[in-house]
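Each chain carries a letter (A, B and C) given by its place in the written order, and its residues are counted from 1.
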Amino acid sequence: MNKHYILLIGLFILGALYPILPSAYITVGVTVLLFTGWASSWNLLGGWAGQLSLGHASFVGLGAYFVALGSTQFNLAPWWSVLLAMLFASVLSLLWGKLTFSLRGPYFSLSTIAIAEILRLVAINEGWLTGGATGVFIDTLPQPFGIDFFSKTTQYYLALVYAALTIAITIFIATRKFGFQMRAVRDNEEAAMAAGINPTAIKLKAFAISAALTAVGGGIYGIFLSFIEPHLIFNLLLSIQIALTVIIGGRGTIWGPAVGAVVLVVAGEFFRTTFAQANLLLYGALILIVILTMPKGIVGEYSHRLIRRKYAKNA
Amino acid sequence: MFDYISFFQNLSNGVLIGAVYALIGVGLTLVFGVMRTINFAHGDFVVIGMYFAVVLNSILGWDPYITLIFAIPLGFATGALIQKYILARIIDAQPETMMLATLGISLVIANLLLLIFGGEPQSVNVSYASSTFEIVDVKISIVLLLAGSITLFVIGGLFLILNKTEIGRAIRATAENRLGAELVGVNTKKIQAIVFGMGMALAMAAGVALIPLLFASPGTTGATFTLKAFVVTVLGGLGNIGAAIAGGLLLGIVEIMGASYLNSAYRDAYGLLAFLIVLLIKPEGLFGKTVKRV
Amino acid sequence: MQKMLSAENITVKYGGLIAVNDVSLSLSEGKILGLIGPNGAGKSTLFNAITGFAPVTSGKVIFYDQDVTHLPPYIRTRQGMGRTFQTERPYQELTVLENVLVAAFLRYSSRQDAEKVALSALEKVGLLDRAHQLSSDLNLARLRRLELAKALALEPKVLFLDEIMAGLNPPSLKEMIELIRGLTTTGISIVMVEHIMEAIIQLADHVIVLASGSKIAEGSALEVINDAQVIDAYLGTD
């Protein structure tokens, strides 16, 4: 898979140059990168292990709140808050997974919606901790080596590193034992069991990693927004957008999440300026179109055909 | 001194709301039994029912309960068409694909409603909205009573259809074993369209029954209802209609009791917590068939 | 001769239905045990009970002196059981090689080592030239061989074959029989559920016959085939 790493480095360099463009474009850039990161994280669980989560906003929210509360209430630097958020997210996902993975597929997906809902309600009602429905405002952040976290450019680079990291992790896992075990569980759980794989253990591992990585992006998102409130963060729509990004781009592929993020964010911007409220209609229509015409997603369909052609040529 | 009157007040409210939840849950579980997939758009069908009542009320001045007569066949036809032209094409893909398709439908519906009706919550004004009916000092809201009665009526009708008609037999056969039903000559494709239609009809009926009590607002209302329907079916057990009814009643009671005796801000959470507890202890639902794997 | 596998008084009940009724069997090292019987006799259920895919209501399954009766299938695989499935279960998004790799990773954690084992298994079943083809593009006969390769890559001590001959045309059938015969020289013991009598006659050292959940005959292939009760059971249900 060396060629993937090379492509990643190339894209990283391109990405590092992006802020040359007028500052109006930076926000879009950050959004695309954050979605790439979240989508790649989601992909580990949803694309590779085949468990569709519709509650990943939970982990985004955890990351954001830990960073926000860490700085305003506990004077913690963001990197410590993020680490704590990662830990909390992993534990939460392990507990939740243990409860729901032994049930049929749809149950798991629906239960992930329930996690996000519960977290949202807790965030709204436990105001003493979370600032309640009015939210939390991050006013100060440390300045290590003189880096200003409030600058959009800094946030952009944080997001860039995050996106690259999640893709690198995906490439790493793709060729290793864990990557194969996940796909086996996804494609045929009984056959996987016969092959000596414990499906629940694999799903739990994928869930924990996915949750922790998503939380990292959540922390960056928190800094980016600098104002966090429950509705915005523990938002069902955000969960759906993350899942959709990967479904359109291609579940279980390495570059699918990135492609999906670009398509979704760019198309979303376009639709928002032309259709205002109806941009969400776009998502629904997109899901249906993708499912009915290219169920494997853009990258998925492409690589499927590529494998077939490669085999036919060499046969 | 324990306040018996309040207690029975709350209990009766819980039961009546629970009846409507049961109606929502029954629709979802019926569809699951035959199509083996969770319909994410179910809650949005309920919202369609609510808007249907709103529109007919504001244009024609009809009482929502009269609207019901039209809501049911309309829901049935629409649902059957959706199944036939969209969902039937992916029936043999993995169940998650179907689930995602219903998610797409849900988003389309929720946002079409938003486009058409705007974001303001709307409701229906009925003269008897705040009337109550008293039994020994316990006041029961007329509207709730009507909602509960409608539920009884509709579910009763459903039971008759499922158990006393040819179609009902075919439906039960398909739910039991799709391949087996095909082998004895059941047109399972037609049955699936019919059942999906029935599910939507039930959802719309629930929406109409609820509109005097609640506001119709698009956005995530649909998702909230779908989640409630899901909690109902988990409490009762997927695929089991009688259990869904019990689950709905339980949810209604848990919500009202929790809101009254504990923290009312967390009202929606009590159902979720109950669902968690049931998942933990008895995942097949309190009365349901097993949902565990091998 | 060591008894590696013994199933003692296995009964499997589903609700009121008795699928397997007090059946015992044992397998000695390097031998091939055949399990036959008419449709609905309970062979597959017994097979699944031994490999961990059906719950045992009463009785014991002892594998290399370990009681595995209630252990999940993946633990039994790790201890040396390897099985094929009657309805082929390829990992459809993966290539042929990747399918076998999944199994090879059981005993080898490094990609290189696992790949070597996988390629060798593919070579044994004659699928090496299709290593990079999508498994979803294979025909039935090749899917069967893929199933076998996946089981072999587990380096099992006992191989469980579930109707691996079903639906194969005569040339493929002959090939498969030869393949299986070749395996025993490597020290693997085999339990095979079969309908195709020719395969049983040519391969099985010992045969057990089930009908309506109970064992009705046991012995060498020829003995069993000529047994009146067995003939009756088959003809009776046809």
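As a working rule, a residue touches a chain if its C-beta (ideal position, glycine included) is under 8 Å from a C-beta of that chain, and two chains touch if they have at least 3 such contacts.
This is a predicted model, so every value here is computed, not measured.
Chain A has the Cα centre that lies closest to the mean of all protein Cα atoms in view. At the far end from subunit B, in terms of centres built from Cα atoms, lies C. We define each chain's centre as the mean of its Cα atoms; on that basis subunit B and subunit C are separated by 47 Å. In terms of their C-alpha centroids, the spacing between subunit A and subunit C amounts to 42 Å.
For this pair, subunit A with subunit B, the centres built from the Cα atoms lie 32 Å apart. Touching of two or more other chains is recorded for residues 53 of subunit C. The set of subunit B residues that touch two or more partner chains comprises 294. Subunit A has residues 190 in contact with two or more other chains. Contact residues on subunit C toward subunit A in their complex (touch as defined above): 51-53, 72-74, 77-78, 82-83, 85, 89-95, 98, 101-103, 105-106, 109, 111, 114, 129-130, 132-134, 137, 150-151, 154. The touching residues of subunit A, counted against subunit B in their complex, run 50, 52, 54, 99-100, 102-107, 109-111, 113-114, 117-118, 121, 124-125, 189-190, 236-237, 240, 247, 277-278, 280-281, 283-288, 291-292, 295.
Taken in their complex, subunit B has these residues touching subunit A: 32, 37-38, 86, 89-90, 93, 95-97, 99-101, 103-112, 114-115, 119, 220, 223, 227, 230-231, 234, 263, 265-266, 268-269, 272, 275-276, 279-280, 283, 291-294.
Those residues of subunit A lying in contact with subunit C across their complex are 175-177, 180-181, 183-184, 186-188, 190-199, 252, 304, 307-308, 310-311, 314-315.
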